[in-house]
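Residue numbering begins at 1 within each chain, and the chains themselves are lettered A, B, C, D, E and F in the order written.
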């Protein structure tokens, strides 16, 4: 890419002042909502699960869904799980986030401050565990150990949405849409990194919605002016005119770099 | 009363065609709602309880409220407990009732078909157990055994609203507003039979609302005509002109009786 | 069975005074809720669908779910679809039922009086059609014609829950859990008659909840007394002591029959 | 005003650090809520409309309300329309705003990323279009073209709340409370700029609530000190002691100006 | 009509076993919902009202809506008023109905047992009074006296939906869509008997939905057979083959009559 | 403490960039929720109150709860009161806060801009007044005068959560868990400063959740580094190595001080 003199903007480094990644957010929304949909499927007997209906019926309790992380992925998973009538527990260490969820979901979820004890307890009664702890630019912390997994109910399901950042469950590893799951300790593990690919129509619209405003601005003002006015966009420029412009990438590859502002 | 020739109508024998007791229903509504209010209080440390806030706060789970019986008492208890954000489990054997509750409370309660196994399981994790199983004209069935009580969490609370019909918890006995609770197996037992007396203003209005239409009808038509037209009212007449008119009462006291219809 | 002198009670002929089938109701609840879960799956691209996420995400509309019939199946499907944030249209000809749904789901679904014009219009914009029109003891009416199916969006999904009663969609035929779907006019057809089998744990509990009270009564009172006191149960007795006791079955097989009441 | 040496503060230039206009916000809330109320009226036949009840009734679908813009006006319009049971579609290009609305209105509205294609599609099925796109200090963008209007359903209604900033619908022009509407392409156009005037009691309280804190501060501290401490207020000062202090106004009239800070 | 030998079925005498009027119910739904819409309008200053926005805005309270009667009209009015965020009080003497409304509207309305004292108190603080007390086949009872009206707030609004049955407000009299209101004691009175005519599209669909099943049955089976099988329909037949068949109508006109069952 | 060379961090001076006190917030949540629970109790006759059930029952209106202040305490009180079905009025002068509450509680509370007139009016009809106006580092403003208290309904209840900052009700003074209330003007006054102590289990978890992250950071990085990186923590350091480091405290005691940054 450098040889061809391409100017490249990476979705995952466009970042606004509050650390949000506006071009990845829509995919996180889709992934969070899909994670519950996937979990429902693998709870069915034909798919190897416990044979449990997530929503229950009158007289038969619903499934227990435990969501690790209250970010975009976790919150969207919760919206769906709550809507289905599941019994939902969410864990996080960000009190402001727990508070907002409590405001908006009106006591329909149980929010728990996350620590090893509360994670262990929640996982032990879960029918579904959704790993949704993502740290920007870092490996996801491993919250669920193999020992915890080994004590889960047989036929329960783990969906680890953070698998492409190392996973927040010790026993998850990346899988594919073709072979999405494997069993370990009699627990179904789902580790497809690109969940939104299952619903491309929705995902494409969602992604395009996010990207379009940047493209419009670049088209009308040119990249330089657009980036000067929008620091989020500026952070996205990884290479320009054949030169690396992202310090971290340069460091990773042992190459030199130059700030794009310093280029002609 | 017989000597004085009183004509007496008993609230608890006025009964409509579907077996409902229209003059007791409002008190059941008050008792059901009050039962949660009382439980909250006795969960406080100063009152001997576990020191738990029923609603929890963001990051700390709410209390577990288990309600035995989905009749008027149980449903009103559930409305309040759900409104407070508690984690509510309701048990009953009437599927139509479980269905209605599922419709109206939108998955905010977990409905469970009641049997000894499900009762035992629910009681074992409860912070609050509300006994609300009332059978018209019969002793309440004992659903919670002393053994189950002995396995409850220390400082948890039992409110047995059915205590005046024998109680649906083996270890409950009637108490008074002055000495409302006692501890057994480290569980707080509340067995005040007349809970609504704590909120007389609300209770009086509620009761008067129910009674007034009958009084109006009797005042305008006379008792005989009113009772002829309204079989619920007719069932309420226990004595008339110095004669017993309720067969069951007569049998209980070994006295003679006469149908009020047969009197002049 | 007759030779062996078996006394047989059929789930599907136990029927209460209002025409309800209390032993089938729980399965209808499971089937209704499962139908939406199944539909979500087949909307995924890997399963042949349009690639649409049922709930949408902010900025991308949800899927359109059209439910034909507001009975137990349809209402339970609606609860789930509404909970997921889908755009739900329900059709029926029973105004009281439409009114109840409007009360309980608070304007979250659009209720439409069903006739060929409204069905055609709704199906034309649907991503998912759920056939839930079941007539007790009769073939389901065909509401969706092949022509309507041929005008549906490519990759949309039909779940015909009434398929074992002939189906309410002209183009559906029974399928199996092993081969659950086929495509016709580029529309995915799902016609598995026994949907609840996918979640046997939930289904078994639900069914047992419904059956248990009858078994208890029969065990304590004997079948004869139990049936005399409960007309729903009485209707369920299809053969007794080696004699057919159900007139309709007898007629279908050209055999004689006898009322169970007339037997010793 | 300059001659009289008046010190003038303009409501519309008091602006806080995040670009919000605190003295105009309450009027936007009233206007947004009123816009739906006005639309309901003009859907009635006597007022020239389609004869449609916004909320529908069980069996008859509600009206389709399309809201362009998710700012204060649009969100308040949506709250009302959702409360009435209308089928509501909101369009905007601000993803964070769409997300918040999705959180708070729980899937009761359909949020769509706005672009010419989605606007065209939404307008084509609308019974009511509410134009609520307001850009601070700029002409509202024209989102709905005359061609789109010409394809709307006969008797549908456009309420253009942004009409006093040029309007977001090509065919709207300002009207008056006396003659509030006109028809074009058989579509009712409502372009009253000062909608809140219809409910002066509510509007006056709302406005006073917003203004009072500023007046109190000025009364206790004097204008200079108050403005020094509150940059929003400072921006509101347009003229002081007979001198223009707002650069933009000065430019518009070709007059000189002076910063109020520089005055004695 | 008799001379022409017409067979006539009157909408208002088709009545089911529980006393419901299935052909009038849809119109009551429309009228109930419209009543709030009309009230909103007349609260506007231009229409003579108090200048109050029914829903209020943050910081300014909503209007007080008092609904007399919890039947179809009243309940539909309440749904709309609650949806708008008004402060709603409903009065009735039917406890079961109050209970159902409390279940379904989740504490969003205040239910009050109706008697002269509670009516007087509620009316005294109302911005809007909706008279929705309808007794089948009898004059509506006058619940609101002229004295109560004279003590209402200036510019408040009375919508008397029961006006065509005599009205439940002493001071209301029928008005027309052309001249819908008059002022008395500075209170706006709206007494249009046929409110649904304002939204004919919705009303016609609603009415047709209700009528169509009867027409279909009559078309396929003939009137006689249809009426024999459906007692509600039978009650609707007021004249047949030139003979009066409704006893009450015959009595009112001093004419003879014959049961339709007795005719050839 | 200075003599012993202790380094002390005060919960109440840890303060983030937006003026929030993260270590006190959880206690405010508990206090707000408890305040309603306490109010319910003192409305009971045995506790001296009006004998009113906060939630009412069908046919009997709920209690009126007036909450002064929409901060953490007030909002949490409102959540509980709304959940119970009380009629809730909230007053504040922060429009953004009123707006958020209107968004999240969906019109279930009445928000009113606070000024002496609106406070007086609200207090006059209240069954419960909750004082929840807390100014960071300043005496709470007295909003409710003794005269207003003297005009409250007999047996009504005041819970003044701000009592330890001087109280927002003129007649409240601190009380204890042992003697929590006193009567004045026949109004019950509750002024326990440390409400959360009644539910120590919940409170301890809530507090620990908030404190733990700071302790972890200090343990892994040392206090100096932790404080350098987190300005909220830095503000919490009141004394270090035997030297006062908080200017305000030093001033209050007439002692010298030194910035902790200036220490070795």
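Throughout what follows, a residue touches a chain if its C-beta (ideal position, glycine included) is under 8 Å from a C-beta of that chain, and two chains touch if they have at least 3 such contacts.
Only a predicted model underlies this, so the values are computations on that prediction, with no experimental measurement involved.
Trainee: Tell me, which chains sit next to both chain B and chain C?
Mentor: A, E
Trainee: Given the two chain pairs A-F and A-B, which is bridged by the higher number of C-beta pairs in contact?
Mentor: Of A-F and A-B, more C-beta pairs in contact link A-B.
Trainee: If contact pairs are compared by residue number, which of E-F, D-E or B-C agrees with C-E in over half of them?
Mentor: That would be B-C, since it shares over half of the contact pairs of C-E.
Trainee: From the C-alpha centre of chain B to that of chain F, how far is it in Å?
Mentor: Using C-alpha averages as centres, the distance is 36 Å.
Trainee: Give me the residue numbers in chain F that touch at least two other chains, ranges are fine.
Mentor: In chain F, residues 26, 29, 55-60, 79, 82-85, 95, 99, 104, 107, 113, 205, 209 touch at least two other chains, as defined above.
Trainee: What topology does the chain touch graph have (line, ring, star, complete, other)?
Mentor: Shape = other; not a path, cycle, star or full graph.
Trainee: So, with touch as defined above, which chain pairs make the list?
Mentor: By the stated definition, chains touch in these pairs: A-B, A-C, A-D, A-F, B-C, B-E, B-F, C-D, C-E, D-E, D-F, E-F.
Trainee: Give the list of chain A residues in touch with chain B in this complex.
Mentor: Going through chain A, the ones touching chain B are 55-62, 82, 84-85, 87, 89, 95, 98-99, 101-102, 106-108, 110-113.
Trainee: Please name which positions on chain D make contact with chain F in the complex.
Mentor: For chain D paired with chain F, touching residues are 22, 25-26, 29, 79, 83, 104, 205, 209-210, 212-213.
Trainee: Which residues of chain E touch chain D in their complex?
Mentor: Residues 26, 29-30, 33-34, 37, 40-41, 43-46, 50-60, 76, 79-80, 82-85, 177, 197-203, 205-206, 209.
Trainee: Mind pulling up the chain F residues that touch chain D in the complex?
Mentor: The contact residues of chain F facing chain D are 93, 95, 99, 103-104, 107, 113, 115.
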